[in-house]
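Pasting the structures in now, so scroll down.
Next, two complexes with chain A in common: one pairs it with chain B, the other with chain C.
Up next is the complex of A and B:
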């Protein structure tokens, strides 16, 4: 098999106003079956996707936010979050869901999946990808 | 390893162009098409952001300009107008394409 490619999924939309966030998550889960080197980026309104305390009962739509916490089980363990996007929206790291994964190469130690980066670091990370898929 | 950034939304409706410019690196290209071409007009509230990215080459799709009645004289200085084959050339001459929806 050829070497794994670096796939980046860029999330720039809030979760329930449009279908983008849910569609992105679906594609990430499907793509996870292909053993690629997957990263997710949350910038602009995309950071709202991983806000904690989401409750859609009154809305009558599925709350898909717990799915982000399951990504680690699919080998998706790098979720880059842009600090400026959080700050612009009055959010801090504490306003996000804790998302962790079990590192199978380190005796299944629990490690954080969220990686907080500034805009310049985000730009550099994007420039190192083979494939960029935007939502 | 230059990236071709593609923007198809008006900068007056969405922040796609602004976010794209904030993440584009020197040597990258930005192609404006569909409603993204409104970002190529000089003298607008966003034209300063476009002019400020000196290390980034800005391209705009001529067919979308024509459809919207935007003549080349109204474009920001230094922007290159491309046709559809030019669009394809841009995609193949960059290492990756990134859409800003």
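Up next is the complex of A and C:
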């Protein structure tokens, strides 16, 4: 097989109201089958996608937020969150779901998937990608 | 289109997946399995129940390789492999077991 490419999925919109967040998540799950080097970025209102305690009952749509916690099973273990986007919305790291993965190379030790970076670090990480898909 | 079980009807899509996951019960599972020419034994229930628990936790039906990996971890390598799962569900574990479990078709399932 050819060498794995670095894929980045950029999520910048709120989880509900448009289909972008769910579509992005589904593409990530499908794409995971191709064994590429996958990262996700949560920027702007995208940080709400991984917020704790989502309740969609009054919206009449499915709450798909638990599915982000399954990403580790699919080998997707790098979820970059922009610190400025959190702060601008009055959110802290504690307002996000704990998302972890089991490291197969380290006796299945549980490790955090969320990586908190500032805007400059996010830009640098983006510039190192082969393919960037924006949702 | 619908399954008829004990005098009640349960809607399904053109492929046989339940329209509403909340309508699932064991009698419906048996009916779906019968339509797939599968007899529900202990091993098949084990996989079906595993899928239901996974969906309950993550709101997604696991892809086949995620399923085999998770089964290998919780039930041992002799059950967490493709050969074992295809012997139980010859037309595809994801497709048939998910259908019997009342789950939507797995994302990315071909």
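Brief remarks on what is shown
Following the convention adopted for this analysis, the second predicted complex is superposed on the first by the 135 of 135 C-alpha atoms of A that agree within 3 Å, B and C clash if a C-alpha of one lies under 4 Å from a C-alpha of the other, contacts with A are read in each partner's own complex, and residues count from 1 in each chain.
The definition used in the following text is that a residue touches a chain if its C-beta (ideal position, glycine included) is under 8 Å from a C-beta of that chain, and two chains touch if they have at least 3 such contacts.
Quick caveat: nothing in here was measured; it's all calculated off a predicted structure.
Once chain A is used to superpose the two complexes, chain B occupies space next to chain C without a clash. By the touch criterion defined above, A:32 reaches chain C but does not reach chain B. Of the two partner chains, chain C is the only one that A:62 touches; chain B does not reach it. Working from the superposition on chain A, the chain A vertex angle toward chain B and chain C, CA centres, sits at 130° in steps of 10. Touch criterion met: A:128 reaches chain B, while chain C stays clear of it.
In the overlay built on the shared chain, the residue A:74 is in contact with chain C alone; chain B does not reach it. In the superposition on chain A, contact is made by A:119 with chain B only, not with chain C.
Contacts of A:89 after superposition: neither chain B nor chain C is touched. Closest approach of chain B to chain C, taken over C-alpha atoms in the A-based superposition, is 25 Å. The part of chain B that touches chain A in the complex is made up of residues 1, 3, 15-16, 19, 22-25, 28, 96-101.
On chain C, the positions that touch chain A within their shared complex are 57-60, 62-63, 65-66, 69-70, 73, 107-108. Contacts from chain A toward chain C in the complex involve residues 26, 29-30, 32-33, 62-67, 69-70, 73-74, 108.
Residue ranges on chain A touching chain B, taken from their complex, read 10, 12, 20, 43-44, 119, 122-124, 126-132, 134-135.
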